[in-house]
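For clarity, chains are labelled A, B, C, D, E, F, G and H in written order, and residue numbers in each chain start from 1.
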Amino acid sequence: MIALYVVAAIAVFAAVRAILERNTGRRFPHANVLNFAVAGSLVLLLDHPITLVAAAAYFVGSTLEANAIASTYAGGVKR
Amino acid sequence: MIEYLVFAAAFGLLLLGLHRKVIARVQLRPGPPVWQEILHALKFSFKSTWVPKTASATLYVGVVLIGIGIWSAALFVVLAGESILILFAIYMLHKIVEHGFGLSSGSPYGKFGGVRSVISAASEIPLFVTIAAIYFFTDSLLLRDIVAYQAVHGPLLLIAPPAAIAMYIVILSKLPYGPFSIVESKELVSGYKTEHFGVWRAGISVIDGTKTFVLLFAFVAIFIGAMPFWAALVIMTIVLVSLSFVCAVTPMLSPFDSVTVQGIVTLLMVGYAAVLWWVMP
Amino acid sequence: MLGELLHILAAAIISWILFVAVDIFFKLPETGGVVGATAIARDIEAGGGDLAGGTMMGNIVCSPDASAGTLLAACGVYVAGIPGGLAAATLVFIGNRICHDPGYAGTTGAILATFVIYGFTLVGFAASDFIAGMVIAILTIQGLSHTHASRLLGRLWRVRE
Amino acid sequence: MLIITRISRVLSNFQNLVALFAGACIIVSLIGILSLPLAFEENQLYPKTRLDPTSGLYPYDRGGVPFGTTEVICQYPENSPYAGYVTTYLTPLSLFLAENTLYIGTTIVAHPGGIIDEILYNTRGADTVVETSILFTAFAIASYLYRREEE
Amino acid sequence: MNTTFILGLAILVIGVLSVAFVRPKTYVARLINLEIPAWGLLLVMLAYDEALALMTFVAVTAISTFVIVRLMEWRDASC
Amino acid sequence: MIIPEYSLGLLVAFAAMGVAFFAMMRETDGFHRLLLTDLIEVVSLAFIALIGTDLAEALILPGLVVGTSELIALSEIYRIKEGYTRPPDAGLQIEVMESAPGILAALLVVYGIVLSGFSGGVVAGLGVLFYLLCRGHDERFELIETASGYSWALWIVAFFIFMILPQYWFFAVMLSGSAILVKVMAKMSLIGTMRGGPNA
Amino acid sequence: MPDIGGDPLFVLEFGDILHYYTPYTITLFLLALIFTGLAIASRPERQIDIAFGGDAYYAKETTVSEMRFRRFMAIACGLATLGAMGSGDLFNFTLFVSLVGIANIGIVAAVKNRHVLDAAYEYGIVAMVATLPLFGGAALVVATTGTLAIPALAAGGFAVPLVAKAFLALGVIGEGMAPFYAAKAEMFRAPGAPYVIMCSLSSLLIFLRVVEIVITI
Amino acid sequence: MIFELQVVFGLIALLGALSAALIRDSYGKLIALGILVSGVLPFIVDRGYLDVAIAAALIAPISTIFVLMAVRRAEP
């Protein structure tokens, strides 16, 4: 149970940091922490094998999202 | 049944002739004879008839038949004392028939006549508020129930005068030469009727006659109640003459002004219906 | 209560060492896997950080790396023991392919972490401690101070070189 | 008279159409707010009762025997004599999922057989007919316009 | 009265306001803001356990987004 | 004082409707109006969602599809009206566009087929759309459309089986589930191909 | 059963959704049927336009594909109107009305003319936002009364809130708005009388039907 | 779910929604949207709709990628 509280607290902290950060590039690591925390808390909330898939799907999805945003932010691949 | 139809058409055309006569007299002109419209209808029946090359033939012919059909149906609805909702539905659908007349020929005059008739669809909307207002009193929309209600409580003309005024305005907007007759204004030659000639035009005359008869008869039945048939005819004539006076002294509005005025009438009627809804138990 | 907190802290340190070691072994700080990672590194460097460390942080953001592998392995062990951890490794592998990551840091990290965590569960740790610990570990890297974290990572990277 | 002319000038321009309609909608929404609170009728058709989180079909478990009857509260039960049969039918795949897992009831129910299929296809099938026709018509418009440009 | 419901309504209101009075008034900003009320509505559906509708809604929102983005692409290509 | 849940929801829905229409009233630009109609769709779904029964769900699904299909038609009208006729060049150029579509689309399509029905059609359609968007396409436009048309007809057949021969309900439910899946999926994925190009 | 349009003549059952026909709705139904038949059977007229500033005139021509598409839309519109006339279920009715709206837009949008497309777009926006009051109205009715069937609602015992009725009426007005706003004859510039008539007929008919519904429930 | 946790995740979702509404930069908006999604997902999982959560988590980035196609072009 304590693990869940710790994770949730970190999630809020990361969310606040991500919102307050002004520089777009440096927002991503904060959002990344949030993704970790939420993926962890999903599993802690519901202890079931499929939750693992859900957490992984969420994590991969949000990583993909961050990746896409960051790559577009960088201007895309020059060809 | 056919004799009712013939009588209604003939009497309606007579009323229309009277309408022209009264307007002319008010405007200090001699005017055509009262039976002029009947003569018109007869004359057109024997003139040569074909379909214009540019027209959409099926539609061109079809709307005439549909027009006669719906107004005959309306006549029987009124005579049988069925739901006035059907009557008013037919009345609104007359718009579509007008529209069909205008657009099917390919002539620009007809087209604009038809377009104007669609624009003025707002003129029918007061009808529904009228219906709602009547429904608040009678709890039924069957004509026979309304007549029965009036036999007990007295004419609706006195009970719900705004509704009567609204329907009066609606009938006014259907009569030729009135302030709202934008579909037949002179810059459009004969409006939607322009390209229909010969037998088709005679059909239009029948439609007009039946329409006038049905509307006035319905007005009398809804707002004054049961009475002998001859008395109904007399009152219809009186109502028509009063309408003719209005037509004679008012100018024709421009198309959108006419819509606006009718819209304002609708709004007032909505207000009236809302008050009724508030007051009635 | 306190014991569990200590467990979490210990787990945080263990997973920190684990994932940083695996990431550095797989040369994450060397180059950005995708242009997004490079852009993040650039921004971190502009904020006073270190480029190599920033690149590694960018790579962590942009693709499931050893840290994600550790987290998901912990989750897997938490829900289903060793098979769960291996399933998590598979999922991380798929995630890597989705995110256009050529390397195998995440998969390796996940498999490694599965056994490490399973081993620690035998000595009294709970797998949930490792979930929380991993989140704390990633917080120290990504969430507290980018400048200091990237300098630290950069220094470690230069040690490996 | 001047006001009427001005109103009709506004009305006659179809560019103002959306604004007029939106204005009417705002007025009605105000009426809606004024008419609150509205009581919620508890006696609903197809109610969402019997929510049992421990069932494999949660939240769509409506009980019943496959190829037997289930009680479905619909408006005219006499018009769909087989109402409830669909609800309780599980395909082999969904049966397997239902027996082995919790928490993916939505997938199981979306698979043919289930309360939503019951409503959408059987008791309120006409809705679905119309709705697919709307999709069809809208798509016909879009593809006609698109292809015309191609020519 | 549960948290999900209240939260959903709050996010719905925030989202509707943000779409209606969008700053800066660009198409992209409005398009992004459109996602906010969608998630709010999702929470409302969740509060009533309408899981299937919720899933379909998420997918349909993505498709609508694409429809609009496609239009914006054509627009940019021609301007 | 305890506020009943439904009334609170309605209050929010009405207020949201008022705000959305207010914005619509003030807006003159065509594209912004299109975006606002999308917002209004969301609000109208909120009204239905507040009912909270199984019926509500069955009503939301058609409502959703109606909203999207009208949006498709309107966006095409807007494009033609404004004369945007040059097809756009290749879309976003980032790395994940090469790696993600294959896997994600496969996942979504498989899952959509498992789901079947409306939801499945939309999910699978989204997958196909995403794939076509990223990878380009040289499919036969007409072929997909024909398939969609036939599946629509199949669904109508299934509907009449339900109504006229209810004892064959099992056949009907299978037929309708798969027919709607194919139909919705085809329609939705076709949007992805409507981006100009050689054979669109 | 609703008595306002007369006693129902017959009832078609589609599961929970009834289609019933009173003398009133059957009148409307027949008219819609006749005009749909006309739209199928008749060819579009060849419109004559007068060249400005001279006495020359010319007949407008349309492509076959455009004519075919508009006829298809007109038929779809007619079928939707037929459905809406008989439908005895509120939500089903709103869906039919939406179909009428979108088919109307289709009829207008097929014309290759900037002004017509402008108008079609505006109508389209209205038709689309009108789904909010339509569906909202149906949702309010089902939430406050627990049923959607018009016969059941007409039988009495239910307090349908006024705002739900207003929603329904407003939604139908929105969907059927296009023809009333034929302001500068935008829709009528191109030939195709049978189709344009279908457009305004359907709007009128759905309006007539919703009046009956609103008074009945 | 425990009430405190509901508050925590609700707070995250609210913060995400508010900042997505208020931030003016497109990328910032998208990141804030991601935060909103992270706040919402625990609620779905907590109710036990894991399949829905998986689908939503996979569809959300696709939606973001669609938006990104527009964002890139909106840049000068």
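Points worth noting:
Simple rule for what comes next: a contact is a pair of C-beta atoms (placed from the backbone, for glycine too) under 8 Å apart; a residue touches a chain by one contact, two chains touch by 3 or more.
None of the values given here were measured: they were computed from a predicted structure.
Contact with both chain D and chain F is made by A, E, G, H. Shared contacts of chain G and chain H, meaning chains that touch the two of them, come down to D, F. Looking at which of A-H and A-F shares more C-beta pairs in contact, the answer is the pair A-H. A separation of 23 Å divides the Cα centre of chain C from that of chain H. Separating the centre of chain E from that of chain H, both taken as means of CA atoms, is a distance of 11 Å.
If you average the Cα atoms of chain A and of chain B, the two centres end up 71 Å apart. One simple way to say how far apart two chains are is to compare their mean CA positions; for chain B and chain C this gives 83 Å.
Annotation for chain D: residues touching 2 or more other chains are 12, 15, 18, 22, 25, 32, 38-40, 44-45, 48, 59, 80, 102-107, 110, 116, 122, 124-127, 130-131, 134, 137-138, 141, 145, 148.
Shared interface positions of chain A, i.e. residues touching 2 or more other chains, are given as 4, 24, 28, 31, 46, 48, 50-51, 53, 57, 64, 66-69, 71-73, 76-77.
Within chain C, the positions touching two or more other chains are listed as 34-36, 94, 98-100. Two chains count as a pair here when they touch; such pairs are A-C, A-D, A-F, A-H, B-D, B-G, C-F, D-E, D-F, D-G, D-H, E-F, E-H, F-G, F-H.
Remark: chain H residues 1, 4-5, 8-9, 11-12, 15-16, 19, 25, 27-28, 30-32, 34-35, 37-39, 41-42, 45-46, 48, 50-51, 53-54, 57-58, 60-61, 64-65, 68, 71-72 touch chain A in the complex. The touching residues of chain D, when paired with chain B in their complex, are 4-5, 7-9, 11-12.
Residues 3, 6-7, 10, 13-14, 17-18, 20-22, 24, 26, 29-30, 33, 36-37, 40, 43-44, 47, 49, 51-52, 55-56, 59-60, 62-63, 66-67, 69-71, 73-74 of chain H touch chain E in their complex. Those residues of chain E that touch chain H in the shared complex are 3-4, 7, 10-11, 14-15, 17-18, 23-24, 26-29, 31-33, 35-36, 39-40, 42-43, 46, 49, 51, 54-55, 58-59, 61-62, 65-66, 68-69, 72-73, 76. By the touch rule above, chain B contacts chain G in their complex via residues 53-60, 62, 66, 70, 73, 82-83, 85-86, 89-90, 92-93, 95-96, 99-100, 103-108, 111-112, 114-115, 118-119, 121-122, 128, 131-132, 135, 140-142, 256.
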